[in-house]
Amino acid sequence: MKFAIKTVAAGAIGTTSLLCATMAMSQEKLGEIVPELSLSYYAADMGPVYEQSARVLSQEWAKLGLKFQMRPIQFSTFVSDIIVGGKLEDMAVFSVGADPDRIDPTFYLNNISACGQRANGSSWCDDEYTKMAEKQLTLVDSDERLKTVHAMQERFQSQIPWWPVTNTVYGILYNSDKWENVTNPSPVAAHENLVDPWLAARPLTDDRILDWAYLEDVSTYNPMSEEGATGWMRFVYDTFAKIGADGESRPWAAESWEFTDDTTVRVKLREDMTFHDGEAVNADDAVFTINKIVEIQPPTMSSRIGNIAGATKIDDYTFEFNLKKPDATFETIALTYLFILPEHLWADYEGDMANRDVIADGVAIGSGPFMFKEWRVNELHDLRTHTSHFAAPAYDGIRRLALGQADAIRATMMDGTADIATTVLPVAAMSDLGAQEDFLDFIEIPSHGTMMTWLNNKKAPFTDLEFRRALKTATARQRAAVEGWLGFAVPAGEGNVPRQTGKWYNSDLEPVAFDVDAARKILEDAGYGWDDDGRLHYPVN
Amino acid sequence: MSMTFEALCTSLESKPPVRLQVQDLSVTYSTSKGPVRAVSQINFDVEPGTNFGLVGESGCGKSTVVKSLMRLLPDSAKVGGKVLLDGKDVLAMDRKALAAVRWTQIALVTQSAMNSLDPVFTVGDQIVESIRAHVDVSHAVAWARAEQMFAMVGLPAERLREYPHQFSGGMRQRAVIAMAFSLNAGLLLADEPTTALDPIMQDQIMSRIRDIQQRLHRSMVLVTHDIAVVSETCETVAIMYAGRIVEMGPTRDVLNKAYHPYTMGLQNAFPRIRAKGESKPPLISISGGLPDLLHPPKGCRFEPRCPFSTERCRAEDPELRPVGTVMAACHHIDRAEEFRRAALKAETWRVEEDVQ
Amino acid sequence: MSQSEMYRAPRGLRFLAPMLSTFRLLLRDRFAFWGLTIFALFILVAMIAPWIAPYDPFAPMMTESGRLIRLAPPSAEHWLGTTAFGNDVFSQLVMGSRVALRVGLVAAIAVGFISTLVGVISGYFGGIIDDILMRMTDVALSIPTLPFAIVAVGLLGPSIDNIILVITLLFWRNGARIIRSVVLTERERVFVKWARAAGASHLHIILRHILPNILRVVFLWVTMSVAFAVLTEASLSFLGLGDPSITSWGQMLNTAFASGALRTAWWWVAPPSLMLITLISSLYLIGRAYEEQTNPRLRERT
Amino acid sequence: MRAYILRRLLQSMLVVFVVTTIMFFMFRVMPADPTTMFLEGGMTEEARQVLLEEWGLNGTLWEQYVRYMGNLLTGDFGNSFFYRKPAWDVLWPFIINTLWIAVPGLLLGAVIGSGLGMIVGWAPRGGKVERSGILLATIIRGAPSFVVGIMLLAIFSSWLNWVPGYGMGDPQGATGLMRYLNWDFAHHLILPLCAVIIFFIPENLLLMRSGVVEARTEDYIELVRAKGVSEGRVAWHAGRNSMLPLITWLFPALAETIAGIVVVEIVFSWPGVGRELVLAVVRQDYPVAQAAFFLMSIMIVLANLAADLTYSKLDPRVVYK
């Protein structure tokens, strides 16, 4: 019996090795097979858009002979692992929001592209590009800075480390029977903006409270430790400047400002400003706030105050910022972000200011257009208009309902409990409602929010420029915009800066049209090959 | 305005005993294998204040008779004939009238002492429930009545607050008896009240029931398979076999001068206390079992086990006919004397093939 | 199913006999009959799902002019209309049955296996082992099911295999207790004591005497855990913690809910809800009727 | 009796301790770390270390565990990462909201369920009432609680528009304690409460029914009927005896019912502990999630204890050794 087994085994080994040999012969001009690639994207907790987009994009990429393993990941795990954790395995499709300070291109140029940056998940590191990135930060003169920014995009476009797929179109749905002059905050998302549409809106009926159906993202009313809802905080605590649609900073609490030299900015405050408790606002408050912030370095503000050395008072309504090094983004990122705290309420507070419970101490007092009235956690926020504010809105108060799910928001909009809805209810549903109901109007907000495709630039096959070029050529931007975002997104431009940021976008980058055959041609010229069942193989080297 | 305790007692004591007349009572159970005539053509009367015995092997339908008197049979049972309580037919009463009669006119002492009381209610509450269901009295007054009843059956009053599982078998039966008399019902149905108890307790309970009967002058139907108990307790007795009354009459006459072979056999099966010096009669049992009531035999139902059975017995079902002071359902009543003598000998009952 | 009936069964059928008799028993009960037929129907639909689904569940339905057919009510081409993303609801519904049964059956078998293992070991051996296992069950019993699942899936990532793992971790505990109590009664049976006295090994006793008798309870428990598994997966998916790359009914309802179409697109919301109800209640019907068979007191007495 | 309670209490505390430990390690193993929310905004590394320090997430896992357990004993659940105030202050108002739908839901569900169960159990065997009763109960039991929620929403809120389907009260409604004692709150409470009640009815119904079916064959039922009491009273005797299995199931089943309540809160945007737990998990806010979880396990353990105690009240035969 034992003898029989041995012969059978020997025969088996013989045949299999023969088979391998033949196999190898017919494929010998093919290199190793390109392994299955993992495609990470936001899971269902961020809504169905990402699942649909990832599926559409992977369908087209698969036509290059690639095979994908879909990997939905929850938002917080995605951010900490892939965006900042450096654990991007192969590819990722995700999106970044339309924050106001991203109208300044630094976030796209530096934070997610330059070497050594924490948020550079695609771990692309190009010395020439990074040198330009550091330089652009210091060019206070915007014309000179523009040239560098455009040159960086040129360099980026030649290397294609990653690329944007679509730019998000946000939306506002409002009750047009009860409110008018609801202006468009484009390119910034409504929930991040202050002026449009919130301060512009005017009531048509005697319901002079603007009810906003939204979700609960405010964690505290202490501006030094609030990170999620910076927009809402700026309703209560005024900032020195506001960013306009064209990317320029417009005067707000600061009447005017100028760079007296590369590292000092002289700021002239308005003289008619008062805090919610009636106290006048002057340079002392501003200087006190800035120096306190620089002194305690609150963790949540660290990324924006790193370059500020301190502030010195000149006279009652003027003071100077002292910067550590020249910073081109100061006007657009710092001035529109820093707020003014009432010195008379904070000066003698010993404890850890960043974690002070302002509501318990009753010091949720700023100089912004709205005064704090009430916060029922997970239910609603209630602010009343600060009538003596220079840009006070034409109604009595704003109330934000923390409904947090689409169906409830839809119901409140339909029965009039809510007057305006901005997110959570999908933009497509908003436009449907706007069309169906005559008392509801829909406004489209093209924004610089971007859905982008990241590649792991440290790992084959993404190290090969030709492969990256082919992959970008086979990126179905139009299909993702239509089928993923249901038409409420537009195919993105070229390079790494969104087209919606206005002058910063380098419009003469040569476009890469979507063409799967051209992409396969690029791979063929680069020596890649396909086996019988269509799978892509590396070039033989 | 609810009655006081004294008013309750006087009204109860003044209740007369009840006359029971059962006419052509028959009960048929519909089972998956077909209808079973458990009881057919039962007729008997119970004079007010007298005790009527119903005797027979277990499974002869005596419990079914008792239950049908109070309409406690399951829905699958169809009951025919009349049951007259002081002239009113219980079987014809509507639900409300029936509820009014139950426990006020006719009370029941069940057989299984073990769980005839609801385990999760105190015994006192259960007695009070039976009182307040019919009489508008406060809980305290009903409780006092319950204490009175407990005294009557020789149980300490504080036991009323305890639960059935804290009572012994005998005590539980006495509690049920106390409950039965709580409204001094005219007629007491005692369905084998002592079967589940040991002999000593049996005797105590039966003597307890007897002297209550005398004192309260109630009528009673006592169901048992124990001839000794019947002979000491009941004035008249009916012997049942396979759903039929085979012999009925004054207890003394039926037991001493039985006319139906089954009655004779039944007596042999029970130890009888003889006057000193008499020879100890051998205990003779009746071999065989009850007929299958699904397909009852054409002739006399006792025929297969009767040592004196004849061709006629097999062919024709004998009617209950009066003879002397009793009634018996047998074709050969005239040969009773001869049968009685033969019945005493053991070999008569050792049934060889069809003795002629 | 008396002992003798089982022993007459030929040697090989020792395990099959109780199952066959259980099956016959179930068919006699009206509820179980309907439960079984509906469940069988689901299994059939799940098996032939790819062939009867007219479109790919995720394929976007386009008009000729390339416009996405969104939220279209039921029509000839789309029997159950389309979703907010232009996918065909009927195809998603049919493919959803595959997911539900895959989760249900795999999780139930795993749960059944673990609960039987724990139940038999702690019931049969008793003593320290029994205490430890039972204390573990106590702890497991006091963990709230869905919150644990929410945390665990949030932790492990929302793939379907993680959900099955979480369900298994959650639902073995109730079964272990039920099976242990049955094993305790079986262990006291005379023939078990006799077999022990005759020197039979533990394993032999468990396999030949204990297990066949408790198969019925295990069967009851497995049926119930299929229902629990389907229910938990649907709840997790509805809360947005399910696996978005598959088309489970819970996921469909989550997408509908997140698109605010709950009140308008009834054709998108009603079918998955009804499917869930029918599948889970058919399983409960089987479990319930089965429960009644095993408990003589409940059996209808005619 | 007291010895038994003591032993049960100790046992419960052990169970809660073990559950909390499991939860602690589960969160710590979680891949994402809670500073994620800030990382996207580009927080520097030192700032992140300051935060970790502040949240007690520094040091070895063991140190964190000992620190967490130590605080737990003093009732300090740690500070919420998101709200940056004690987790207990965050959760405290939500507990009342959850109890508003959990307790009445549980009780009404049990009462209605067992009442129906008694009717179905008392009906003639194999009759129409029994069959339709069982079928209906099984179907409702088969419906996941969010399906029940969605159906209630679709029918009563959007189609008939009788009841609002979200939130706890009109935004400008009363505040403080008064908000719970007005019509507007009751108006908003109706739907979620019905969802929880419906979620409870089937189990109660089926259990009571099988209890009554078993009890009605007992001898004492015959004697009670012989006493000439009303048919309802006779049924009450059977029902009263079937309460025991019901109670033993009812309280420990809270572990499953909390699941139902979580989903109901999400569907109806009811600001309760369940909804906060889901939000906390998505936000990686460990302390709040752990505190919410701790609360729920406490509720279940107390429920088990309550079941034991009421059991003795209901069944005098049970004696505590």
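A, B, C and D label the chains in the order they appear, each numbered from 1.
What we mean here is this: a residue touches a chain if its C-beta (ideal position, glycine included) is under 8 Å from a C-beta of that chain, and two chains touch if they have at least 3 such contacts.
No experiment lies behind these values; they were computed from the predicted model shown.
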Chain closest to the middle, measuring from C-alpha centroids that were averaged per chain: D
Pair sharing more residue contacts (C-beta pairs) when A-C is set against A-D: A-D
Separation of mean Cα positions, subunit C and subunit A [Å, integer]: 43
Distance between the centres, which are taken as Cα means, of subunit D and subunit A, whole angstrom: 39
Euclidean distance of C-alpha centroids - subunit A vs subunit B, Å: 93
Subunit C and subunit D: spacing of chain centres that average the CA atoms, whole Å: 23
For subunit C, residues contacting two or more additional chains: 154, 240, 257, 262-263, 302
For subunit D, residues that touch 2 or more chains besides their own: 30-31, 153, 157-158, 266, 282
Shared-contact residues (touching 2 or more other chains) in subunit A: 45, 74, 77, 405, 407, 411
Subunit C residues touching subunit A - in the complex, by the definition given at the top: 58, 60, 66, 68, 70-71, 84-86, 154, 157-159, 237, 240-245, 251, 254-255, 257-263
Sites on subunit A touched by subunit D in the complex: 45, 74-77, 79-81, 83-84, 96, 107, 111, 118-119, 209, 211, 216, 219-220, 222, 225, 227-228, 297, 299-300, 302-303, 306, 355, 357, 374, 376-380, 382, 399, 401-405, 407-408, 411-412, 415, 417
Subunit D - residues contacting subunit C, complex: 11, 14-16, 18-19, 22-23, 26-27, 29-31, 125-126, 131, 134-135, 138-139, 141-147, 150-151, 153-154, 157-158, 206, 210, 213-214, 217, 252, 254-256, 258-260, 262-263, 266-267, 274, 277-278, 281-282, 289, 292-293, 296-297, 300-301, 304
Residues on subunit A engaged by subunit C in the complex (per definition of touch): 43-45, 47-48, 50-52, 55-56, 70, 72-74, 77, 405-407, 409-411, 425-426, 428-429, 432, 482-483, 486-487
Footprint of subunit A on subunit D - complex, ascending: 30-33, 35-48, 50-51, 54, 82-85, 90, 93-94, 153, 157-158, 161, 164-168, 170-172, 175, 266, 269, 271, 275-276, 279, 282-284
